[in-house]
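Note that subunit A is present in both complexes that follow, paired respectively with subunit B and with subunit C.
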Partner chain A sequence: MTTLLFVLGSIAAIVSALSVVTRRNPVHSALSLIVCLLSVALLFLLLGAQFVAAIQVIVYAGAIVVLFLFVVMLLNVKDESAVFHSGIAQKLAALALVFVILVQVVLVAVAGATWLGKEQWLAATGLSFGTVQSVGRELFARYLFQFEVVSVLLLVAIVGAVTLVKKKQ
Partner chain B sequence: MLELVLIALVKSVVVLVALLLMVAYLTLMERVVIARIQVRVGPNRVGPFGLLQPIADGIKLLLKEDVIPAQADKYLYVLAPALSFGAAFATFAVIPFGDTVVLWGRRISLGIADVNVGLLYVFAISSLGVYGIVFGAWASNSKYPLLGGLRSAAQMVSYELCLVFSVVGVLMLSDSTSLADVVAGQAKVWYAVLQPVGFLVFLMASFAEVNRLPFDLPEAENELVGGFHTEYSSMKFAMFFLGEYGSMITTSAMITTLYLGGWRGPFFPPVVWFLIKVVAFLFFFIWVRGTLPRFRYDQLMKFGWKVLLPVSIANILVTGLVLAWTS
Partner chain C sequence: MNEYALGQGLWEMGFAAAVPFTLVALSAMAVLLADLWLLPSQKRALPWAALAGVLLSAASVAFLWNEEATGFGGAIRLDRFSAFFAMVFLLGTGLVVLLSSAYARREGVERGEYYALLLFGTSGAMLMASAVELVTFFLGLEILSVSLYVLSGFFRQRPASAEAAAKYFILGAFASAFLLYGIALFYGASGSTTYAALRESFGSAAFPYSHGLLALAASGLLLIGLAFKLGAVPFHMWVPDTYEGAPTTITAYMSVVSKAAAAAAFIRVFGASLSSLQQDTSAVLWVLAVVTMTLGNVVAIAQTNIKRMLAYSSIAHAGYLLVALTAAGEAGYSSVLFYVLAYVFMTLGAFGVVSLVRKGEGGADAGAEALDISHYSGLAGRHGLLAAAMAVFMVSLSGIPPTAGFFAKFYVFSAAVRAGEVGLAIIGVLNSLVSVYFYMRIVFLMYMKEETVPVRGSRSRAGWVALAACVLGTLLLGVLPSSFARLATESIASIF
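== the complex of A and B ==
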């Protein structure tokens, strides 16, 4: 059952991720992005990480894609090929980037397993790593300093956004 | 295993049918109550006291011609009402509407599922609900729906924040995100008493979340024709309406569960208490519609970001201080 759901979820995630970049219509891309994020949330659920899954849906599938759609609808972009001309250099750079990320993923997945040994993987240490309690404990006890630093970063971003939007007097 | 699946299936079907029936009679209740507020008679022709009116309406909607505009994005146009409908009813999966009962020797908890992250699930589903409106508005390829969709996207994102922040106080009191635990935590005192500010913010934000007056900007009839569903007809229109009234019921059920002790109450069985509280809130929704005028759009945004959000954050702070003081 779990394996079947995992296979279905991964296929859905990959197919929808591909369709995010291949759709000409930006609204269809956004819909594919939602499907992709939901299938990743399903993968989190299969790992027992309910909290991470719920946050994935609330923050990414819920709030962020709505903002994307809001901008797309305001600008009323019907066909993005009219807006973006991608040259040969851009395509090469994109390919190189994909290659680097792919190598990294394979390194983590294959080499990481042999270096660390399977027991030390976070997902293998117990089924509770993504519940509300464990995430809260890690965030507010072990990583409190990092957590506060990130919140300062977010605050700076908000101040930046407000300054950009503010009308010149 | 099979038995568990069967029980869950039966519960889901029963709840879904009950919800659809409630939606049907909610439309009748709304028309009658609004009529009484406006000193009219209201529907009273079909059946005794107009009780068969919702059925007549349903048949009428089914038999109407289903129009898809020529320039519409067909795929999204068909998908949108289904999204809206699904999101409204999926929320009910985690809401407990009674204690455990013993039926044929089995202990069955009333409530489809008790999920550990129940409250987060509710917010996750309701944050997806906006897509039905946004996609429907965009796919219609017409200006009034588009304006309605834009309004709704901005409104729902703003008010969802207030909704989530106002509930944090309840979470701090109940120490759990499971809705069954939230109900169990209210055995002595309702959270509406302990969290009056959070309760009021949640109540106001939920009006915006279900697009009801005074926050029904996405479908403001006298500005936008019908808002996001202007181009929809027949059963697709009905699906949007089912979704809207369904989310009214789930929102009332959420308020009941979070702040009014859920199914707890003396004398009557739990399910009856749950229904009484939910129907009381539905009446309140209709009452407000018959009483208050609509907000202007900039007022709505200002109210959400400059009043409700700071108040709900202050509520978290005060709750935390009081909890730290007493423990």
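== the complex of A and C ==
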């Protein structure tokens, strides 16, 4: 059952990811992105990482793609070729970037596994990884100070944004 | 639990390490709130409220001067190094607040947000210098950067200010992405974000990636992010435009506090934690130092706007800092600390004079800032004290004794020679010779030429106090450098 779901989720993720870059209509691309992110959320669920799955749906599939759609509709883009002119050089550059990132992911995974040893590596990414409990424990115990400092950063950003757009009294 | 036990418990958790940062952030919020209740006629109290926050935090640093504490599971550390940089940032902020009290009112930007963002920026800089964990360091950097993006665009009606903010923001966001990428790679390789773990992993020969591609890529990305903040060539594109368009007091703040914070973070990450990669980073820094010094000094010669000239001069000074960072070792890093302290006085002073000088009666734009270098012709005749102060700062910036700038450069270049970088030291000295030309041109104009455009100096008492403090600091560091040099050496010793 798990294997079947995994295969289905992966296929859906890959197909929709390909369709994000191949669709000409930007709205279709954005909708495919939602499908892609939802299938990745399914993969996270299969790994037992419910919190990451929920965040994936709420933040990425929800907020961010909706923001994309807003921009696309506000700008009223019918065909992406009207905005982007992608030549062969750009496609090659994109391929190279994908390759670099892929190599990095593998390298980092292998490096972590060899250095920490298989057991520790599995412990770090073990069963509790990505659950609400483990994320909460990390966030409010080990990274408590950083969590609090983020609030200062957000306050600065809010004050700054209001300062820059507020009408002059 | 009685009071004593509670205090003891908090102390053991390392709360002390976060006290100076927290006090500055809290006073920023207090300034924001005070702004809501103050009547327009009472807004003059804002800079004093901000200054009180600065003094409060400085008092806490002084109180904790001999303490050492690591707080919150190794996120933030209080030691002599953090304390030294906290004092430098607070000194810089205090002087900028004094200079701003007249400048901001005249330019119509005397609002609570101005002082609150200055204090927030300082809290970010203090976090950068005291962080011993990459995420904390990154948050400090972002707090400082976001405050500066907004402050550089504070003249909303002026296109130059908007351009300054937009350029700084877009390039800064890009640099942050590089930095974050580097942090992610370090985390991926070592499984932790603390500096202690970095030192342990990358210092150990058994670690498979201690000298591999991953370590080099990660430190390269981190270096790009810091070089951007430092304004080093080739990551300097934003410096001239942002320095020119931003409010003058903010330019002064940017060039002093954000550079010092980048240098502090650099020493903590590369000097104290990734010292095993020192040979590789020094090779890159050598090149950066040479191009940064040379481009800064050569292009500064051609400038006609004084803020642009000082912007290129600040690029050149970032180059001298890079010479010291290339030299590395305790001598190199302690010369960075001395340089930063000297740089606070002389640069803030120079920008302070610029912020106090305006165009006088007679022109169509009377009261506007006098930013053209030619406006300084004959300043000595009308405003002898202002011209004398400017002359002291120019002499110090070009590195002539008996001023702070001379000993700052002397320590940097002698550290480079001791580290075997004789070539670099020679290039640095040649560069200082080039810089004498454009610094002395201003002195020449002020004392030897007739006035072309009538200018007048501000009578702001706070501004004059700040200038006097800068002159005093510049001369004190130039006459009695040894006790400050000892302070710098002790501070560096506390992190190795």
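The rule is simple: the second predicted complex is superposed on the first by the 122 of 169 C-alpha atoms of A that agree within 3 Å, B and C clash if a C-alpha of one lies under 4 Å from a C-alpha of the other, contacts with A are read in each partner's own complex, and residues count from 1 in each chain.
What we mean here is this: a contact is a pair of C-beta atoms (placed from the backbone, for glycine too) under 8 Å apart; a residue touches a chain by one contact, two chains touch by 3 or more.
Nothing here was measured: the structure is a model prediction, and the numbers come from that model.
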Touched partner set for A:V159, first subunit B, second subunit C, both or neither: second
Contacts of A:F145 with subunit B and subunit C, given as first, second, both or neither: second
First (subunit B), second (subunit C), both or neither touched by A:Q104: second
Greater subunit A contact set [subunit C / subunit B]: C
Which of subunit B and subunit C A:L31 touches, first, second, both or neither: first
Interfacial residue positions of subunit C with respect to subunit A in the complex: 18, 25, 29, 32, 71-73, 75-76, 111, 113, 116-117, 120, 123-124, 127, 133, 135-136, 139-140, 142-143, 146-147, 149-150, 153-154, 156, 165, 185, 188-191, 201, 207-209, 213-214
Residues of subunit B touching subunit A in the complex: 73, 76, 115-117, 120-121, 123-124, 127-128, 130-131, 134-135, 137-138, 146, 149-150, 153-154, 156-157, 160, 164, 177
Residue ranges of subunit A touching subunit B (in the complex, touch as defined): 25, 27-28, 31, 34, 50-51, 54-55, 57-58, 61-63, 66-67, 69-70, 73-74, 131-132
Residues of subunit A that touch subunit C when the two form their complex: 104, 107-108, 111-112, 114-116, 124, 141-146, 149-150, 152-153, 155-157, 159-160, 162-164, 168
